[in-house]
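Okay, so subunit A shows up in both of these, paired with subunit B first and subunit C after.
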Partner chain A sequence: MLFQIQISRMKTSNVIWVGNYSTVVKRDPVLHWSWKSELPLECATHFVRMRSRVDDAKIPEPRFWSNWSSWKEADAQKSLGRDPLFLFPKDKLVEEGSNVTICYMSRNQQDNISCYLEGQQIHGEQLDSNVSAFKLNKVSFIRKTGTNIFCKVDQKDVIKGIVLFVSKVLEEPKDFSCETQDFKTLTCTWDPGTDTSLPKRSSQSYTLFESFSGKKILCEHKNSCNWQVDSDSQEMYNFTLVAENALGNRSVSVLFSLTHRVHPKTPYNLFLKNVSGTKATVTWKVHPIGNYSTLLCQLDLLGEGNVIQQHNVSIKENGEYLLSELEPDTEYMARVRCADANHFWKWSGSISQKFITAEAAPSEALDVWRNVKSVSGRPTVTLFWKPLSKLHANGKILSYNVTVENLDRLSGLEVHSVPATANGTELTLDQDSYQIHVTALNSAGPSPASVIVVSGDPGNEEVEEERVNGTEDGFSVSWKPQSGKAIGYVVEWCDHPQDLPCDLQWKNLSSNTTSTVISSGAFRPGVRYNFRIYEISTERMAYLLEKKAGYLKELAPSDNPQVVVSNLTSHSFTLSWKDYSTDSQPGFIQGYYVYLRSKAEKECHPGFKKATLPDKSACCQHRIDNPEQKTFVMENLQPESVYEFLVTPYTSAGSGPLDAFTKVTTPDEYSHILIRIILPMIVCVLLIMITCYLKSQWMKEKCYPDIPDPYKSNVLSLIKSKENPHLTIMNVSDCVPDAIEVIHKPEGSKIQFLGASKSLTETEFTKPAYLYLLPAEKNYSGPGPCICFENLTYNEAAADSGSCGHFPVTPEALPGQPGPLTSPENLLKALEKNYMNSLGETAAGEASLNYVSQLASQMSGDKDSLPANPPEPVLCSEYKMQMAIPLGLASPPPAENSGLSSTTPLDQSEHYR
Partner chain B sequence: MGCPLALCCLLTLLLPLLTPGASMSPAERISQAYDPALYMRKNTSTVLQTYLQCQGSPLSDSGFSAPELQLSSLPPADISFKTWHALDDGEHLSRVQGPFLALTQHLQLMGNDQRDPNPGSPILLAQLSDARLRAQGLLGNMAAIKAALGLPTPPVEDTPGLVPFGASAFKKKRRGYIVTGEYGHWPDRAMRDLALLKAKYPI
Partner chain C sequence: MLPAAGEPAAGDSWGMLACLCTVLWHLPAVPALNRTGDPGPGPSIQKTYDLTRYLEHQLRSLAGTYLNYLGPPFNEPDFNPPRLGAETLPRATVNLDVWRSLNDKLRLTQNYEAYSHLLCYLRGLNRQAATAELRRSLAHFCTSLQGLLGSIAGVMAALGYPLPQPLPGTEPTWAPGPAHSDFLQKMDDFWLLKELQTWLWRSAKDFNRLKKKMQTPAAAVTLHLEAHGF
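Here is the complex of A and B:
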């Protein structure tokens, strides 16, 4: 039967859909047919009617339609409650990108209703006075909790809403394939794509269907499914994978032969056997696939992550392969994977195993070089060698052996063992030649020996140094062969020439090489590198061939020399910087600039030219082109002027800093004269003063002694010349004193006179005291009179009390004395008389009463003390006479005409001068 | 940091339930209940924020408020000051116990509602669970205070009554909004009641 169905909305005349439905009708049938409305049925009344017709080819035409049935009304609104506002559909699930129609129904036509989709107002179509519909096109997924659509009645607290659950699109499974590892199970895998799960709705499910067998299974996982192979009879398989969720399904199919989908299992039991330095045997096992299957296995040998060797091996169950051409003491990895040898489908998983080959003796001789120097007169050889590379060491180096053989004398070999951590050693030798063998040892044996011959004679070191230019690539060094018998050359340099040790480097070159480029990461601009090129003779002796020096890049000097100013005159001075080393500068010193500036002079001296300093100030510049000239004379200067100078070296890169000028002030023109005259004079005066001071005693004795020597007195010479040429002076030694009486008591102390008990008070001794030498006996008959020294402390009472008879002058002794002896003339006369009496006329009995005294000079600072030595004749002494007068004789008034009339009493502290 | 602290508070809240027979003075009981209530009030906004982040517009819109939305099964916490001040001790406690019982049930319902749409939001589910336990703890504290005060402790009336399990997703979201909103109000009311009692029964 064929049924024609009509659906109307709102009213029967508004037919919105017409469709046919064909089915086989049996007896008492209850037919079911469904129709899905875009507009939620709750929002509008729908009507449906149908008619039918026979739809059987057996029944001939014409076939007529039946009459239409009556309209059946579907009105969901009746079941709604009394809420003022309804929104439909509720909790609808749709696929992302589909179109959805929603509607609201209001109870009150007067209400103003606005609707929103995720906060954005949406506008719909009014279907009725109280029904509106909104069509949402291509809805998108926002969140798993759904997309909120709500409507609210303005001016009323009414909000109604629905949640639209938007599901992700169900994708077709990708990369669908099936394979077997054992011909028992087929494993099908695929990429499921996006998860379409939603609240209360699980994700998509997968079903696997095989068309040849007609079997179907529900897969447990979202991306794989296992299919049991029943028997060997089925060769071909046609699988269909169906992905399905609440909104639809997607499917994909694959057709294949089982034998073409063999994916072997991962091999196992991979072992390395008989591992030597260069060979190793690899063994492994595979899981068998059927009875007649053969597997193709790929064996990879990896070193440091890279495949070094690759081998293919066909096996049934057990695999074995001999790896060769391996490096000793090297870590490798053996890796094996297998595939079906007949129909390659996929490699199995890989199994791998690391192993290390055994050590072997080092394969290459060490690169050895030497440095010969003299320590305490003995040649000391420092050997250097470069560690062997891993490729050549063939194992861990345990130590180095250094064997020393004397080539000039027969002597035993010296063997030194050097720890593996060292890269050199030092040997102290003598002047003989020595052949040195150096080998490296590991657990497998020694390396080939490296031979070098050294001699105590350093050879010709006087080789002129040449310059070499540095470039970005390094130093291009070339040399001229000398002997023509060289077996090679060595270029030697220091990476860090300013350090100690300087990190000696060398480069071996073949005999047919005459140039090379020396490069090093340690090279720095502004550092002077010295290169020495040696020729290696057939005897393996190194001879210095050439010396080179250069800079990778010359820099301007960073420091200026320390300049000493000398020979400063009013018109010139000399600058010298002899301590400045040109070898340790950041470039080859080409010369010096001498800068001079002065406020007094505006023009530059000859040889100078004007220059402008960085601070824009002007000065004069003189250029010295000879780097070895380290003195300069500044001439033609003005006296008493301030000059500022600066000496700075320059290289090809520029000159040194122009900042620290030194000030020099020229002296005036006469200062040097003053210095030449006045200074010596001052020195002479000082010398004289010092001499006088040191010889003061001698001068005193010579010029003004305390006790003059009568023999040297001018008085004597005067007397002699005038009167008696035979007149002599009494010698002190001729006088034999019997007592010494000291009557001087300074500063209040009492003095006891010899032979007298009477003491004198201080006030009585304010005058100079006199010391008397008295004869021991009154009958003394010595050859001359006694000597009496002037003493300002003389006292007549003391004189009286003493046994010494002070020689009273007899009246005869002073005959015709015209007056007192106070005048020099009188004194002279009196002295003459006394001398005459004492030396010639005085009798022995009378002589005891007369004393002649030498008067101490007043220049003497100490008149109170007695001279330690007997008085000696002094030429320039002044000779004086003094006489002691008894109290009785002195008391008479001076008017008496007596021999003592000219004498003054001593208690009056008077004495003659 | 927050988790151990929350666990500690929960233990404090549940302690009275575990030791119902412990003899404590009313003041001690009130003081014991006050601090957890204070902590509970400080954390109510966190639950609301987490919940709204998962729901979408209009609930998550900034400034969204729907004071008209109410649940008949969950009374509002608002009360006139005059009425509140005239309550005696027993009424202060009783009028809080009922809504808190309703809160615990709605929080449980919310957890069920959100478990399906938010399987990937364990944070929200954990916060809802913690909130429910805190509410239960406060209920226990209230009962203990009443017992300490010598007040009758009849079974709390089950105010929520029928729960509309067949609600639409939007209604569930809205219901959760109301519950989390009231959960922000009732602890404040309870804390004020306890503060009043605390002042009345000083230690």
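Here is the complex of A and C:
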């Protein structure tokens, strides 16, 4: 029968769906048919009707439809209750990407309802006055707790919500395969893909179905399942894996033979036996698979992480293999994995074991070289050797043995042991030839000996040095064989020729080689490398063959030579830089540039050409092509001119820095003539001065004696001519001395006299010692002839005494003096006292010019100290100051009474006030 | 030493101050105030108060995570739905006068009962949580809440109050009925966390009040001594 079904929504006339349903109708049939509405049925009344027709090929046409049945109403709203608002569908589960229709139904048309999806307001389509629907297209998974949709009645405390659970799409299981390890259990594994599980919803499940046996099991895990193999009878298996969740299912199948799916277990008990320097035996075990199965095992030998050897071994249960061609003292790893020998499916897991082979004697002789030098006249041989590579050392080198054998004389062998850390040793030998054997020792034995012969005679060192060009690859060194008997050649050089030690390097070359490329990571541009090529004779003696020098890349000189200027004349000077070493420069010095510039001269001298300096200034340049010419004469210069010069070397890479010019000023053309005149004159003047100095006493007496001779005074002539023609000069013999004054003048007593007189009282003085000699003849105290003279030369402030008079000292003359002054002691005391009293105000005679006249009793220093003794000077002692030179001291001014100091015993302190 | 009464000398106030200081200095030595022998319920009330503050802090973090897990609108700050299906939850909000008039026993009993119920609901929440991290956080909080419950029981015991006995058949269960939609369930979870937070605020106030009340006798003694000093 064929049934045609119509579905209407809201009203019968609104047909929304028409469909046919065909089924076989049996007797007393109750047919079931279902239809899913996009719109939740709760939101709208639906109507359904149908009609039928025979749908059997046996019944001939025409076939007629029956009449439509009456409309049947499906109204879910009636059972909803009285809530003011409803929202449907409740808590629906859909797959990601589906379309979902949501509707709400309000009881009150007046209510204003707003709906929100994940917090965002949504606007739907109004189906009815009370019903609105929202269509959500291709919903996406947001979270496991579902997508929240809620509606609320504005201004009312009414809220209704639903949770739309969106599940991830269930994926088909990937990489589905089954295998067995023991023919008892089949393990099937797969990749389940995305997890579709949701809270409170059943997760996806996996079912394994085997079609040949018809068995089916529910898998416990999401990615694997174990299937028990019943017996050996079933060879083929056809598995179907079905993944299923609430929304649907996915399945995948696999067909295989059990024997082709054998995955052996990981081997065990891997051991190394009889490990020697080059061999080792490996043993291991496997889990048996069935009774007749054979396993193919792969044995890998790994060294430093790389597979060195690989061997395949077929075994039943126990495996064994002898590894050979191993390196001594080397760490290896043996690794074994197995698979089914008949039908390879998968390798088992691997088992591995590390082991170290035993040591063996070093396999190669050391690469030895020597350097012979003379220390204190004795040849000293420094031996160098390169450490053996790990490959050749065959173990840890414990020491080096150096055996020295004298070839010229029969003597015992000299054996030296050098520690393993050293890469050389030094031997002091004599002029004989020696054969030296060097061996390296490890725990297994010595290496083959390396033999070298040295002689005290250094041989021909006078080999001309040639130049060699460096390239990026190094230095290409070639040489010419000399003897034709060479067993090899050695090229020797220093990696760091500027350092000490210079890091000696050498390269051994075979006898048929005449060139090589020397390269080193240490080579730097601008460094001169010297190569020495030695020929090794059949006696293993090295002879210097050639010398080469070169630069990896020549650079311009970085410094200029220190230039000395000599032979400077008004027209020329000489430059020399003999200390400049051409060998230690960053390139082969090809010559020098001499630069000259002068403000006076615009044109260049012959031999110079104009050049422009980096600072754009012009100068003259002369090129010297010989690097050994280290002097240059600048000629044709102008006298009294300033010249600037610079000497800079140049290499193939350029010249040195053009910065520091040196200034030279050419002298005057006549300066040398002047020097010839002025110099003798200076000498003459000096001679005169020396003579004057040596004859100063004589000069003094002649020109400016201390005591002028009055007879020689021109004053005398004036007086004589003008006043008194009879005036004569007093002769010394005319005076009779009656007193001697001894002045003791200590040097430390300097009188501060410039200040107020008051301060002088506080000053200490050393007492002068006086000694008076009483007149020898009493009668001589009478007045003598009065002689006056003027001394035009001296300043004698205190020379107030008569130059040739004496005054009689009487006891009364000293008031306040108790004792008679007749005795010299008393007199001295009285004088002392007075001196002390008046000293404070005394003009410091010591500080003034102290002139003791031949005859005058000295009163200068104490003229005021003796006022107490007013001798009645009979003689007129008139002494006039000729030149007032007070010397800054407060001598009383030569007043009217200066010559009358003896008249009044005036206290000097008062006197000065 | 004390100045004569009625003659407030210049040094009076200084003397009083000195006496007050002396009395205060010797207060710890007064036997009536020396509680080292029998601490009473004071420390346990303080501990309970501290625990409520700690749980309040802990809940703030947990609620943020859980409400995000539920999704919008539950994690929106202004979301305030009607209390539809959460009527069984113990209400923390109460009239202020009623709250003031509560005696200590009733106050503690209400706290104890509320947390007993809330803990039960919270454990149900934990069982439903879909992520392991959330389950871990919830379990940790449940342990802390269990500790608070024990602490309240300790205070009640110290004050001599019996623990409330659950009436048979009134054991709260967290089992969403068939009519309980997922959205309503989320609303319940939301209200559970909200009530829990309100209860923790209320408990902090309850225990703070109780703490002050316990300290009152000591304060009275102090005042008495001050008066005696003068």
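Everything that follows uses one rule, which is that the second predicted complex is superposed on the first by the 537 of 913 C-alpha atoms of A that agree within 3 Å, B and C clash if a C-alpha of one lies under 4 Å from a C-alpha of the other, contacts with A are read in each partner's own complex, and residues count from 1 in each chain.
As a convention for this text, contacts are C-beta pairs under 8 Å (C-beta built on N, C-alpha and C of every residue); 3 or more make two chains touch, one makes a residue touch a chain.
Quantities reported herein were computed from a predicted structural model and do not represent experimental measurements.
Enquirer: Between subunit B (first) and subunit C (second), which, if any, makes contact with A:116: first, second, both or neither?
Expert: both
Enquirer: Contacts for A:150 in the overlay, against subunit B (first) and subunit C (second): which applies, first, second, both or neither?
Expert: In the superposed model, A:150 contacts both subunit B and subunit C.
Enquirer: Examine A:667 and indicate which partner it touches, taking first as subunit B and second as subunit C; both and neither are also allowed.
Expert: In the superposition, A:667 contacts neither subunit B nor subunit C.
Enquirer: Once chain A of both complexes is superposed, is A:639 in touch with subunit B (first), subunit C (second), both, or neither?
Expert: The answer is neither, since A:639 touches no partner chain.
Enquirer: Give one of first, second, both or neither to describe whether A:488 is in contact with subunit B, with subunit C, with both, or with none.
Expert: In the superposition, A:488 contacts neither subunit B nor subunit C.
Enquirer: Overlap of the subunit B and subunit C footprints on subunit A, residue-wise?
Expert: 90-91, 116, 118-119, 142-148, 150, 157, 159-163, 165, 199-200
Enquirer: In their complex, what parts of subunit A are in touch with subunit C?
Expert: 90-91, 116, 118-119, 142-148, 150, 157-163, 165, 198-200
Enquirer: Can you list the residues on subunit A that touch subunit B in the complex?
Expert: 90-91, 116, 118-119, 142-148, 150, 157, 159-163, 165, 199-200
Enquirer: Which positions of subunit B touch subunit A when the two form their complex?
Expert: Within the complex, subunit B contacts subunit A at residues 54-59, 61, 66, 68-69, 116-120, 168-170, 173-174.
Enquirer: For subunit C, which residues are in contact with subunit A within the complex?
Expert: Where subunit C meets subunit A, its residues are 69-74, 76, 81-82, 84, 128-131, 181-184, 186-187.
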